[in-house]
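All chains are identified by letter, namely A, B, C and D, in their written order; residue positions are counted from 1 within each chain.
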Amino acid sequence: MSDALKNRLYQIIFKTETKQGRAYDIFLILSITLSTLLIIFESVDGLFYPYRNIFSFFEWFFVIIFSIEYILRLYVVKDSKGYAFSFYGLVDLFSILPAYISFFIPAARFLMVIRVFRLLRLFRVFKMMRYVEESGTLIRALRASRPKITVFLFTIIFIVIFTGAIMYIVEGPQNGFNNIPESIYWAIVTVSTVGYGDISPQTPLGKLISSVLMIVAYGIIAVPTGIITSEMNNASKKAVKLATCPNCFSEDHVADAIYCNKCGNLL
Amino acid sequence: MSDALKNRLYQIIFKTETKQGRAYDIFLILSITLSTLLIIFESVDGLFYPYRNIFSFFEWFFVIIFSIEYILRLYVVKDSKGYAFSFYGLVDLFSILPAYISFFIPAARFLMVIRVFRLLRLFRVFKMMRYVEESGTLIRALRASRPKITVFLFTIIFIVIFTGAIMYIVEGPQNGFNNIPESIYWAIVTVSTVGYGDISPQTPLGKLISSVLMIVAYGIIAVPTGIITSEMNNASKKAVKLATCPNCFSEDHVADAIYCNKCGNLL
Amino acid sequence: MSDALKNRLYQIIFKTETKQGRAYDIFLILSITLSTLLIIFESVDGLFYPYRNIFSFFEWFFVIIFSIEYILRLYVVKDSKGYAFSFYGLVDLFSILPAYISFFIPAARFLMVIRVFRLLRLFRVFKMMRYVEESGTLIRALRASRPKITVFLFTIIFIVIFTGAIMYIVEGPQNGFNNIPESIYWAIVTVSTVGYGDISPQTPLGKLISSVLMIVAYGIIAVPTGIITSEMNNASKKAVKLATCPNCFSEDHVADAIYCNKCGNLL
Amino acid sequence: MSDALKNRLYQIIFKTETKQGRAYDIFLILSITLSTLLIIFESVDGLFYPYRNIFSFFEWFFVIIFSIEYILRLYVVKDSKGYAFSFYGLVDLFSILPAYISFFIPAARFLMVIRVFRLLRLFRVFKMMRYVEESGTLIRALRASRPKITVFLFTIIFIVIFTGAIMYIVEGPQNGFNNIPESIYWAIVTVSTVGYGDISPQTPLGKLISSVLMIVAYGIIAVPTGIITSEMNNASKKAVKLATCPNCFSEDHVADAIYCNKCGNLL
């Protein structure tokens, strides 16, 4: 394949600037949505059993299309390895792999729903850059609060292990707390305020300990919210800090600054 | 009908400035509340069965009143089409339509509870403008955070589809995860921390995946709160930061300041 | 009774400055706590049945003490009517009333736990004024956000009525949605993310509507948090606004103000 | 033991600066993690029953190691009593004590999972000081909001006691509300939005009261979040607002500003 053709294919498959590139991406998004819906509804036994052959046909049709596309992507991109191990590259691969694994483990093909993440391209295609930026703000806020969240997660894990073990001793297998891992699962269900009720304390002491855990959970649920709100406030403040000093190129100015805070120059 | 009469009717039905207009609106609010309660309690089988004829009579009584009113509204307003397709116009229509549909589908008449939204007029009638403004602030804050919320919703949807499919493979129909749509329903029940417990994981691996999902949900539930709190802070700040001192360029003045609090200069 | 004695009793019963007043209050708090625990544990059938006579004796003992105290309070206070209809006056009355009602309706005596609210005196007695102030900040923040919260509550009520009616039509009595009031109860259980699971959707359409409601609930739960956080930020800002201008007596200064923002005078 | 040796042991066991100290700490963390996993998985009956002897052996192996270590710690530290009653000292003790108690009460040995808290040393060992500082911020924010949280907790406790008693009267033992303590447990499960569903209201009046409680819970859950977010905002603000311009008295400078951003004056 000539370099010119390779480059043109690259423009169509990877970029959205050209008319064909845009058309290709829209076609791709429709295919992904359709094929994901196909997998989801195929699992509804009674309803679609009579049409299982049609479902199967279209499923393989999309697998073959996406497989060809994946190989093309690997071929036309300059940095093949870089693409293959990028987030999108891996998602593209895992979107087709389960189909081939399903020869050995039939249930595996449902894993193809992972292709729903290919739809993240949606934002790029429809020039929803504002949305991408917003998600950037969200991700930056989450990243900035990583140390706080790590500490928080460790606290949660220590609490659920400890409460799980105590509840295993207090309630025991006769009340549904079959072993410590299940007790820890119960503690997570409780602390996250999900509360299925598949396991629940039966003894007065167990109910007392649960009550304490739930009231503690109250305070705990407030912590990540506090962390993220606080970071997002900071992030939105930083986002207005745009002015660059023409003298010293410092960028860290508050929104309404008139003089540079590093060299005293008029902004 | 003369234009003067039409205008007077318009003042009574649509406005609240005149005495009759106010009286009419209060009568309307009482009728709506009463008729909504009627529909709600009519559904309680045992209790109200002996009175079903009285219920039926009043229900139709209100339907006829509201139908006449709807036609009058269409007639007296200048921009009939504009009204018909406005929020209030549509609510007014859907408040009576189900009664006529109930000739064909009896259960449909319960849809008339949609008329509860007509009560939004309440705020206007009782001059609770402050409340309307507040709801304006709320709506503006929500609108300003739309891109962030869109990104957030997509993330949630991708997560529940993906987790749903995995749990369908791990747990399967024998444990209540009958198909992927039901698994997705379970994932939404879990991620939103509602946790009915009608479907819950039975296998150790399923419990492990659920636990991870619940801890992730912790962080996720913090995000919309962070978004809205942050926007509401900005909204309330914008309302305050008005004056800049012409002398020292300080901007940190309260809304009704006359002199700069930093250099004493007249603002 | 002489006025001097009456005044002394007033100091002891209502105030905490004197030694006896403090001793009296501590005795009162212990009595309240003890008698509340008595009522709570009396309800545990099996365990305390053999001691029911002792329980009964102490219960009446406290009722008589509190009754005498209530009459004394009414007698020694200057504004008897003002006290009788104050928050504390009403709590004091309702703490003993159920005992007398229990002659006619035995179960009513458990209502005496209302006396737990008498313990609010705790904060005053132990000079925990800082805590009282803090609760003042909380209450002020809640009061300041009343319009927003009213709008929010109306929105919730409209949503649960509407969703309740729709789910009654979709699911119906055969799936546990016996009537619209119960469907509304289900909607509240869902929107508040409590999720008992005593009623849960069985049909695919019902599950779809529930899913939408739960995702909406996500956003909704963020609103009161946003409101209160925002108000508490404002409240804590206002709390630092202490400086009073010596010239114009204006009080609305920011924490670091140097000049009065009303008259330009040096603070 | 000579003082030099004692000091060297102190450096190894308590400090992480020396090479051996670090090696020792890493070994300790691995031992703790391994022995905790051992206890957790030992409780899974079916799976590990054939290996119960190996499990038992390693469990005692770790108990002996940790016991020797605890005695050494007591011996080499200068302030033995201070260490013994410090947080880490108590955790170290309670990590081995249950093993000896298990001679009398076999189930007690599962309490050894308390040793998971020894892993808090993790942060110090891996020089994750930033994380420690972050947790410091979290703890300071929580401590600063203690009065507000105390008031909040009392409010919750009063509400659940009161609602519990009312629901006991309304629903009674025939609907699962066996006694007031269990009703209070139900109220906590509801207010914290956990909602197991093991106890749930059956009567219309009970459902109405629950609905009110759930809507109140909405507001209540917002309070701790508001408190903590507000405190964390203050904490992060205090870290930033350092410099005041001597010329224009503006205070809105970033932490590392050299010139005032309002008047260009040297700070």
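What to note about this one:
Keep this in mind: a residue touches a chain if its C-beta (ideal position, glycine included) is under 8 Å from a C-beta of that chain, and two chains touch if they have at least 3 such contacts.
By chain, with names taken from UniProt: A, B, C, D = Voltage-gated potassium channel.
Computed from a predicted model, the values in this text were never measured in an experiment.
Fewest steps needed to get from chain B to chain D, stepping only to touching chains, is 1.
Among the remaining chains, the Cα-based centre furthest from that of chain B is the centre of D. Both copies, chain A and chain D, contribute mostly unmatched positions to the interface they share, with under half of the numbers common to the two. Per-chain Cα centroids separate chain B from chain C by 28 Å. Distance between chain A and chain C, defined via averaged C-alpha coordinates, is recorded as 41 Å. For chain A, the set of residues that touch two or more other chains comprises 181, 184, 193-197, 221, 225, 227, 229, 233, 258. Here chain D touches chain B in the complex through residues 193-197, 225, 229, 248-252, 262-263, going by the rule given at the top. Here chain C touches chain B in the complex through residues 147-148, 150-152, 154, 158, 161-162, 164-166, 168-169, 172-173, 178-181, 184, 190, 193-197, 200, 204, 207-208, 210-211, 214-215, 217-219, 221-223, 225-227, 229-230, 233-234, 252-254, 256-266, going by the rule given at the top. Looking at the complex, you find that chain A touches chain B at residues 36, 39-41, 43-45, 107-108, 110-111, 113-114, 116-117, 119-120, 122-123, 128, 130-131, 134-135, 137-138, 141-142, 149, 153, 156, 181-182, 184-185, 188-189, 192-198, 221, 224-225, 227-229, 231-233, 236, 256, 258.
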